[in-house]
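For clarity, chains are labelled A, B, C, D and E in written order, and residue numbers in each chain start from 1.
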Amino acid sequence: MASTAPLVVRASPLRRLQKELFGSRLDGLISIALLAALLAAALGFFRWALFQAQWAVLSANSTLFAVGRYPVEQQWRLWLLTTLLALATGLSWGLLRAFPGSGAVRALWPRNDRWAAAILGVLALWRPMALQLTLAIQARWWGIAGLLLLARWAAGRYGPAIPQAFRRLIPLLWPLLYLVGMVLISGGLGLVQVPPSEWGGLLLTVLMATFAILLCFPLGVLLALGRRSELPLLRWGSVIYIEFIRGAPLITLLFLGQNILGFLLPGGLAPDRVWRAAWVLTFFAAAYVAEAVRSGLVAVPAGQLEAARSLGLSVPLALVHVVLPQALRVALPATVGQFISLLQDTTLLSLIGLLDLLGTARTVMANPMFLGKNAEVYLVLAILFWSCCAALGLGSRALETRLNPHSPSAPQA
Amino acid sequence: MTSRSEVTPWWRNRRYLPWLVQGAVALVIGVVVAFLLTNLLLNLTARGLLLSWSWLGQPAGFDLAETILPFDASLPYWRAMLAGLVNTLRVVIAGLVGATVLGTLIGTASFSSNGLLRRLARVYVEVIRNIPLLLQLIFWYFVVFLALPNGRDALQLPGLVLAKSGLFLGSPELVDGVWQAPLRFTVEFGALLTGLVVYTAAFIAEVVRGGIASVPKGQWEAATSLGFPPLLTLRRIVLPQALRVIVPGLNSQYISLAKNSSLAVACGFTDLYSVSETTLNQTGRAIEVMLILLGSYLVIDLVISALMNGLNGLVQLRER
Amino acid sequence: MISSPALMIEARGVEKWYPNGFHALRGVDLCVHQGEVVVIMGPSGSGKSTFLRTFNAMEDFQKGSIVVDGIEISDDLRRIDAIRREVGMVFQQFNLFPHLTVLDNLTLAPVKVRKRPKAEVERQALELLERVGIAEQAHKFPGQLSGGQQQRVAIARSLCMEPRIMLFDEPTSALDPEMVQEVLAVMQELARDGMTMVVVSHEVRFARKVASRVVLMADGEVVEVAPPQQFFTNPRHERSKQFLSQIS
Amino acid sequence: SDGGGVQSQKMAAIKARGSLICGVDGKLPGFSFVSPDGSYSGLDVDICKATAAAVLSDPAKVTYRDLSATERFAALSSGEVDLLSRNTTMTLSRDAPGGNALAFAPTTFFDGQAVMVPATSGIRSLKDVAGKPICVETGTASELNLADRMRELNATYTPLKFQSGDQTYAAYLQGRCVAVTTDRSQLAAKRTGFPKPSEHILLPDVLSKEPLNPATVNADPAWADAVRWVVYSLIQAEEMGITAANIDAKVAEAKANKNLAQLRRFFGVEGDLGKQLGLPADFVVRTVKAVGNYGEVFERNVGTGSPLKLERGVNQQWRQGGLMYSPPFL
Amino acid sequence: MISSPALMIEARGVEKWYPNGFHALRGVDLCVHQGEVVVIMGPSGSGKSTFLRTFNAMEDFQKGSIVVDGIEISDDLRRIDAIRREVGMVFQQFNLFPHLTVLDNLTLAPVKVRKRPKAEVERQALELLERVGIAEQAHKFPGQLSGGQQQRVAIARSLCMEPRIMLFDEPTSALDPEMVQEVLAVMQELARDGMTMVVVSHEVRFARKVASRVVLMADGEVVEVAPPQQFFTNPRHERSKQFLSQIS
């Protein structure tokens, strides 16, 4: 049996395609039908997008979509914030590459990153132009994108040279930036106050989502611990809370927050309705995050807590250092899933009259000039939401693999 | 550890400490709840809105668009809310069936030998789950369904007419520019149902996919070696086993579909939430309306859970 | 020539690459005549399972040809069906259907695929269960049986389709030692009844007693084909000697 | 102390806050509407501005809250907005302490509920609508009026209800319903924005009287009075021929001439009318400077010169045979 | 009396009911002197684990008293902390923290509970790892180690808190046979170094070689306490004989 030297052949792409699409007669029929449908849909879409759609509705209202009625003379604050965000993003991104998780190789521009940078570049160049923004604003976007890439490059290149003590502080950048961002957005500390009722569009959506995500997480962890607690009162309290929230549609809870919160607090103490909605979102999401975290807690064997206790760790110490790190790792995908649906749920704010992205869209479409331009606006919103949610999902998967290079399923040889 | 000569201070006693912690938590919760309730009572008394249910018997004064229960403006509020509830149930039940069928099809399509179908199934799931349902509902209603032709231009098939005003079955006829038929579904219902089905199906598809993937590969191989064609294998061998994993996953998807049906307001369908909103606005009875609303959804959830738990018992039993 | 038994499996120059590019079979030839019992041995990863699975078209291959009972394997679904009708297969992991009773495991395929009347199939199934010695378990579920019993059900399930060839892929390696014998006994009896069998197995005793020929595979090639007596006592190839030293 | 001790809690709160929270519709051209640059304009908005000018001396110190029809009263009674200027119809049950317990300022626009249909539909009166779908915003008085009137006519119809005005008109324009009903002014306003305004007609039927008034809560009568007289000041200014353009001259004139007693009282040059309300003495000057007199407000926002092209009609001054009539500033 | 080693554990009439009412310990007495190695044996469910876990207050009990190194166990949390500081425990399932490296497993408690400087603890930890023979694994994660190695890490982790008493609950029963010896060797060495140890184990060879006394428990009671020589060759009680016949 004189066989040839080990030869690696892959079926040619064409042949593979043929096999995938026309493996059997039924498959062939299905493929043809699907291809025809896809083609028709694509044709229809492009005809609409190129000849019928009127994108002016977006360019004319781009500011409204971006920040709502944020006072024009104060918008420099948002530009500043965007610039800071871009810097922080570039810095963190570069440092992630400079210190890849164990097992991964360090490369200044891995393939994914080149893709991301290219997409970013194209978006930054093309989007502002497509929206027919003024040249000054276009230039700002180019500058910000350039800054991001520059920070990314610098951090990736010189990151390893940063002393370790200093590097530890870099994750703190984000909470700090959040606080700075809140001050920049709402005013105070010498800045003119801009009340929440003036925030709108993307700004409001992002603000609501991040606020709720940041707060619902610790709350959810507490609830999950409560639900697993041996103390009956804590356990039943958590169970009742979680099940009550999960049994009710979010819109009824938002409605409740808007209509009844005013009765529950002495006059004047009730927070602004924007904040009211934000709190309702937070409390709502907390119940779901609690369930996600609980599934992680269940996955941690009871022996872990026992071992920690027998080593003298108090219960809080054991939770923080032993149980939660393991539980949260397991719960990560489900938790991020909840964050994604929370981001989607911010659209419900439009049903209670807040001007989030969807609410802004509805306002814009009440403008006589743009009546009936539904499809264009909704399409863009859909793409926007889709990209954000998909990015969150991708990020969570990346984080998962990064956290888990040493899974217990890889025993030593 | 019964009698001790020296007394352990309570703050270090592991027997009492848990109760102290609980007591403290209970106290805090109690104080907060009491504070809120007093305010509620004070505020409601001040506005003359103390809990009362007699308004439920007063005539509603508004009409509802589509109801199965006959309704007109002279009937009392409770009838209006009941009509809304029935509409909610109608869309939930239809949605459950539709989403299950579509979701199962898409879930199984991701195991197809046809690469295109497989990828499209993935794309469907990834696209649909990442776009807010509310946006999708508004899209279906304002962009798709309201773009249907009307009157004489409506899509006509034997025994079926699809027009801007709805889907007409039976023997539809055009009376005075308006389609009439024994069986009709409005576009509001259609848009809500389509949105819910399309959205929930993406999640159900994932559940089904997970369930099928949980069946060992050897089961497919054994069936193939016995000469089973793929579809028969799926139906007789794989799906029955996958159900064990699928049914609990379906439960939560069903519940979220029921809750999501409350987004009906976005496309003009008169469901329970929409009627409640109108009622609240006409009567000012915020607390009572909220209680009815939350209670109703809770009951719907519980019923779905109970049914699915029963079903779960059945599919798990088949194992032994 | 006329009296020599018919050729049941004829594989010529079979080459297979897995989709990831791994070259699993590198030109393998094998003939199996009617009534023969061929035992395939070889180190793990040598391609035994892959080869076996090409015989009933569970794996495709890129070069060479395989003719089973006169039908050449091709992409034609009708042919593949015909071949699967001829060939029964028993797996290492039994692969019984856990949601069906033992009896239903046996009757499902004949009834649904062959469209035979249910009552008749059930009669036959009970006979077969009798033959493999577990008639009394007919109404239990697989999860309630021991491994050896499960594997015997799996054999009976294949037999219920009345195949002319049986393939076994390490039928006893997932079993506790005390159950191995009961399964081998059933296989031995099958061989005695004249069934054509191809068995991937490392059971030397079984091979010595039952095999017509033993095949040694290594690295996707057939290294040696010999009657068991010769194979175990006096293998020709270095590779075979090495392998035998490992398994004993 | 100055103002006879009548300080309203609300007004104190507004002054402390430095801004007036005004509940508006926000999506109604001519009444309250956001332009792409984010600024509000409209008749309702001008009332907010005038009030802010009177209380805070600065018409820009207004925080607008877009309120849906369903949430407006709750927002007002829970104190979330100081003033509701959201073309709200005054009715007994909304006014009465046993009802919504609102306090209404004078009518700023006399309206009536009407029905709009496509000109080509062949529908010429409400009766013709029978059996057909009608779009209406949920939670409004229009919804109830429609039900009442159709019951009177003994006609069946399908009310398609939407949560917000934009959806209601979108559905109408897309042909989901053959008619849309709400206040005549609103219909006219919306019609201006339609692709072909002339293809839609308003039916002659008037389903209801719809006096649109700003509103505050019963609980703070002093604040309600202040708002009431802010509105009257605009009407009175028109009657007296005072406009934003000529007010400085008029004030100078009044200051110079002691004989113009009525004008001097009106401008607060003499007497303490403003103080009695807890407002600055010259609040009238401020309101008129901020937004002009009622006629100017009307013309600018909804009048024939505006996109809405509404006639003054009953909203004319009483001397011209209209209903706009301010009690004396004495 | 003065020269006799100090009493490290003194349990008197300990009775425990589980919350479900099960009477797990029915008045047990046991004394352990400094430097002693006490091996507890007994059938499954006899309360060995329960008894062991009362020594570091992981389980409470309803009657009787336990004094550990001069500290009487009570509900006082400060005392419980003090006792846990004295007593190390090794579990059947190792219970290493899988998200921490071996070194971090060792240093976590000393740094967080004892507030000792990290560098110093790390030095000590590496010494201990050396002592249990796995210094080179310090930066791996537990999931990458074999069972025997994991159990040795668990022992080192307990030692890192510098306990005066070590409790072992069936430390070798979750291990593959070839790894049992390496763990027992480490324990043997510990015993030689004079550590006071209470070991629940069925390793007769280990008990014979290392134990000062063997305790037999059954049904929540101590049936027999004897030096290993006597216990294994000439047990006094019927129950002991019966038990010994089962495990050998």
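In this text, a contact is a pair of C-beta atoms (placed from the backbone, for glycine too) under 8 Å apart; a residue touches a chain by one contact, two chains touch by 3 or more.
Just so it is clear, the structure is predicted and the values come from calculations on it, not from any experiment.
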Via touching chains, chain B connects to chain D in a minimum step count of 1
Chain whose average C-alpha position is farthest from chain A's own:
C
Highest-count interface - the chain pair sharing the most C-beta contacts:
A-B
So, in whole Å, the Cα centroid of chain A is separated from that of chain D by 42
Whole-Å separation of chain centres (CA-atom averages), chain A against chain C
53
Approximately how many whole Å separate the CA-defined centres of chain B and chain E?
55
What is the distance, in whole Å, between the centres of chain A and chain E, each centre taken as the mean of its C-alpha atoms?
49
Identify all positions of chain B at which a residue touches two or more other chains, and write them in rising order.
142, 265-266, 277, 280, 286
Contacts with two or more other chains occur in chain A at residues 24, 259, 262-263, 267, 351, 374
Within the complex, chain D is touched by chain B residues 46-48, 61-66, 72-74, 142, 146-147, 150, 164-165, 176-178, 187-188, 265-266, 268, 270, 274, 277-278, 280-282, 284, 286
Show me the residue ranges of chain B that touch chain A in the complex, using the header's touch definition.
18, 21-22, 25-26, 29, 36, 39-40, 43-44, 112-117, 120, 126-127, 129-136, 138-139, 142-143, 255, 259-263, 265-266, 273, 277, 280, 286-287, 290, 293-294, 297-298, 301-302
Quick check: in the complex, which residue numbers of chain C touch chain B?
56, 58, 81, 84-85, 87-89, 91, 93, 95-99, 108-109, 112-114, 141, 143-144, 154, 157-158, 161
Can you name the residues of chain A that touch chain B in the complex?
17, 20-21, 23-24, 27, 30-31, 34-35, 230-234, 237, 246-252, 255-256, 259-260, 262-267, 340, 344-348, 350-351, 358, 374-375, 378, 381-382, 385-386, 389-390, 393
Touching chain B in the complex, chain D uses residues 69-70, 73-74, 77, 97-98, 100-101, 121, 131-133, 138-139, 143-144, 146-148, 150-151, 157-163, 167, 170-171, 174-176, 178, 219
